[in-house]
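See the structures that follow.
After this come two complexes, each holding subunit A, first together with subunit B and then together with subunit C.
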Partner chain A sequence: MTSALVSITLRALLNRRRTLGLALLGALLVVVAIIYRLSDPPDAQSLDVTRRLLADFGIGVLLPLVAVIVGTSAIGAELEDGTIVYLLARPVPRRLIVLVKLAISWLVTCLLITPAIVIAGLIGNGDVELAAGYAVASVVGALEYTTVFVALSLVTSRALIVGLAYVVVWEGFVSALFAGTRPISIRQHALAWAEALGGPGAAGSADLEFMTAVVIGAVVVVAAVLVAIRRLETVELRGETA
Partner chain B sequence: MSTLRLEAVSRWYGNVVAVNDVTFDVGPGITGLLGPNGAGKTTLLHMMAGFLAPNAGTVRLDETPTWRHPDLYRSIGFVPEREAVYGFLTCRQFVHATARLHDVADPAAAASRAIAMVDLADAADRAIGGYSKGMRQRAKVAAALVHDPTVLILDEPFNGMDPRQRLHMMDLLRRMAAEGRTILFSSHILEEVERLSDRVLVVVAGRLAAAGDFRRIRRLMTDRPHSFTIRSTDDRALARELLVTPEIEAVELHDGVLTVRTGDYGALTRAVAPAAQRARASLLELRPTDESLESVFSYLVRR
Partner chain C sequence: MTAPPDAASGTIYDIGYRHYTGPRLGRRGAITAVIGSALRAAFGLGRSGRSKIIPWGAVILAVLPAFVAIAVRVLAGEILEVTTYETYLWDIGSLLPIFLAAQAPELVVNDIRHHVLPLYFSRPMSRLDYVGAKLAALSLAMLALTLAPVLLLFAGKVLAAQDVVGALGDEIGSLPGIVGNGVMHAVVLAAIGLAISCLAGRRAYAAGAVLALFLIGGVIGAILSEVGGTLADIAPFTNPLTILDGAREWLFGGSAPESPVGVSNVPLPIYGLATLLMLALSSAILFVRYRRITA
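On to the complex of A and B.
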């Protein structure tokens, strides 16, 4: 039962041409790191630039962009074209469907982002601890982003737009301007992990206490999972004409 | 043996009422749900299949409400109207995955059996994305059959099928009904329902307009007042002759168009030619004015 769900979900996600496009985004991060490296910068400067490349571009742009597209399409695309009926008309607990879809979106997002972050980190400076810290941050951030976006796709049919607006307006602008809003920024939660695990090179990555980030992040993930399950249990399918 | 029971069911979307206080039972055998487009057929089927909650009333399969009881899908097979399928899967992969979702004992064998039943074995290993509309329809039916359900609900199953596929599908549904299954399908085409179902439910504008034996309803439909327009070489003389025929209720000659109304379809067709002979007029055209399905339905509702 579960394996059939996993294989359908994986194939649906990997068959989309845009998933391939998202992999190219990851490659872009690596290319920037290579170009920077070719300019032969001094070591101290390269550590700082690499950290900013990973934080601002890797965690700040690539991760949410990939997560919003993967997360909102995992269930949202099937709801939109009606194929979700082929999963819902089965004696499968809806929570299992949600959990499998979440796990797969998380996995796919990590596969698209984390290797690029590790490689770009190692090329940019060679500080293994920094690269590892950011790799963990991307995995944790991917979990939180994808659960939120999967839940969002079950709440609104405009999940992609709402999700992008959250990333660009809230995380990119509001929380950059007003420090008080940072505890409820997923980007800051991820950066807090990078700072905690990334060694001295990652110092100054986040504006948030590590424990605060862990607690709020956990609450967000649990709440989003519960919302998603509840919504899928009561989702209504109308006909095309209704 | 399973029975779908609807009791005083209503469903609305915002301030649009899609289904209005409908009560009926669907038992073993084939039942056709007939109605014009937009009558609420899909809403009814989706409520029966547990995809929509009724706003009022109850929808049950035997004693269990269908809404929020995914366990019922062990005994329900549902074929949606929407065409979208997992185009990236082959039919065999799709049906096989469905069998696995149902925890069928031998999913591969069940998939092959279901695919053979819908006559898709030759194309089973091609991606559904490249299928014709009729083939997709059959792939959807195969997926709905794979777990051997006692209740099969099909929304417009004959859409997009060519005549041969249509006959084959009718055969399949008849065989399944003969095995004691409860089969309910919707259609807006009278002829399909007539050929296939013993029992028919007619819905119009969200209400149940008629239910029961098809022949009885067919009579209701044919015994209603019919009106025809007639063109002949001498309309006025023909009108005079027609007016003396007792079965003809009204004759109107307006703007050069002769319209007659009758309660008896057969009597009019028998009376027209002799009347024309008496009037020494040649008939050029005899055309029913209100034979569209919508007018038949709206007549049933007004009754």
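On to the complex of A and C.
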């Protein structure tokens, strides 16, 4: 049953024109890195520009955009279309449904983002440590973003809009102005991982202590998973689907 | 029972429904009605409080700098200039995509999604009229962000002066620039927003696509403009807002210090050309989409 769950989720998330669009966004990151490389930049500058490319574009825009679309549609689309009842009616623990959906959307987000970040990082500067640091950051960030957005899709039916608003208004606008809000910004959590693991080239990526980011990030992930499980466990199957 | 006033109206079966005898407003009436309802939708009027948060929040945040600037001027005099007519729209730049992404899909997506376009097109209204009406309504709505705050700043500057008539004489010269720039931003952004939205299947995806365009364009532009050289020259053209800022500088002068336009060596008329190109491309997308749509 778990394998069936895995395969329907994978097919729902990958067999769409949308996935192609999201993959193209990742390709755009690589294209910008190539264009930059073709301009034959000095080495000292290229490290800094590559870091900004990976941080501002990769982690700052691509990752949340892909995660919000993948994460909110993993369970959200089934809730909207009403097909969730066919899953809930099966003798599978609901927390298993949530966990599988979470794992798959995390995997899909990583597949769409991490290769682009690694390739763009290697093309932009060739500093393997920087690329590796940002790759790990994208994987960790993807986990946190997708769990939050999956939980969000179980809380509200307009999860995509709310998620986009969080990304643009909170992470883009508020946390740029008010430094005190940065500990609760997922982007900063991911950047802290990049700074910790990306070697000297990644210095100055984040405005957050690594340990703070790890602790708050872990709390957010666990809380989001618990909320998601709780919400799905309290969905009631009615005799007739509305 | 009275006979129907127009004998020709019940042709095959007259099953006794009363006929409409009021004035028929025709094409113009239909267009005005669509503009009116779209304007109400753009500001969430007649809808729940939740759908008013983003449009009105954006409008309030857009007007805020003008209020602060006027307050500073009244309290501190002319020593400190908080914001100017030229840089105002660049300063509030991140609000424009948010408003656009939230409200452009509101106007067009559900009409397509729920297949109600035949109801519009069965009125004396062509497909082009419908697109034009939506574009006009969203442009008018955008003026609340692109024109109203700057006009407020203008009025504040004039009225705060000791010599109102003299101040009016000083400031009136910038009025054409204020209005022209506001209208240009509003129309071009509205066209871009509608063109993207009409291709999307759901409002949320349309909002995401509009935001993605401005977010990605803005980030790439900011990074490239710091690289310098040829890349800094092309940097402004990754973001519609920067292109508009360049066109504004070409038409009305005055540069925004943080805009990538400043570090680019591209001649300013190119921005005007690029602006026209964006408008033409968006209109073409809208035109083709609505001509082909099997409603």
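Methods note: the second predicted complex is superposed on the first by the 235 of 242 C-alpha atoms of A that agree within 3 Å, B and C clash if a C-alpha of one lies under 4 Å from a C-alpha of the other, contacts with A are read in each partner's own complex, and residues count from 1 in each chain.
Simple rule for what comes next: contacts are C-beta pairs under 8 Å (C-beta built on N, C-alpha and C of every residue); 3 or more make two chains touch, one makes a residue touch a chain.
Predicted model, so just to flag it, every value in this text is computed and none were measured.
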Touching partner for A:Leu53 - first (subunit B), second (subunit C), both, neither: second
Subunit B versus subunit C as contact partner of A:Leu237, first or second or both or neither: first
Contacts of A:Ala165 with subunit B and subunit C, given as first, second, both or neither: second
Partner chain in contact with A:Ile8 - subunit B first, subunit C second, else both or neither: first
Overlap of subunit C and subunit B interfaces on subunit A (superposed complexes): none
Touching residues on subunit A, where the partner in the complex is subunit B: 1, 3-5, 7-8, 11-12, 15, 81-83, 85-94, 233-234, 236-242
Subunit A-facing residues of subunit B, complex: 13, 18, 37-38, 42-43, 46, 49, 51-53, 68, 70-74, 76, 78, 80-82, 84-86, 88-89, 94, 97-98, 100-103, 143-144, 155
Interfacial residue positions of subunit A with respect to subunit C in the complex: 18, 25, 28, 32, 35-36, 39, 41, 45, 49, 52-53, 56-57, 60-62, 65, 68-69, 158, 160-161, 164-165, 168-169, 172-173
Residues of subunit C touching subunit A in the complex: 54, 94, 98, 101-102, 203-205, 207-208, 211-212, 215-216, 219-220, 222-224, 226-227, 229-231
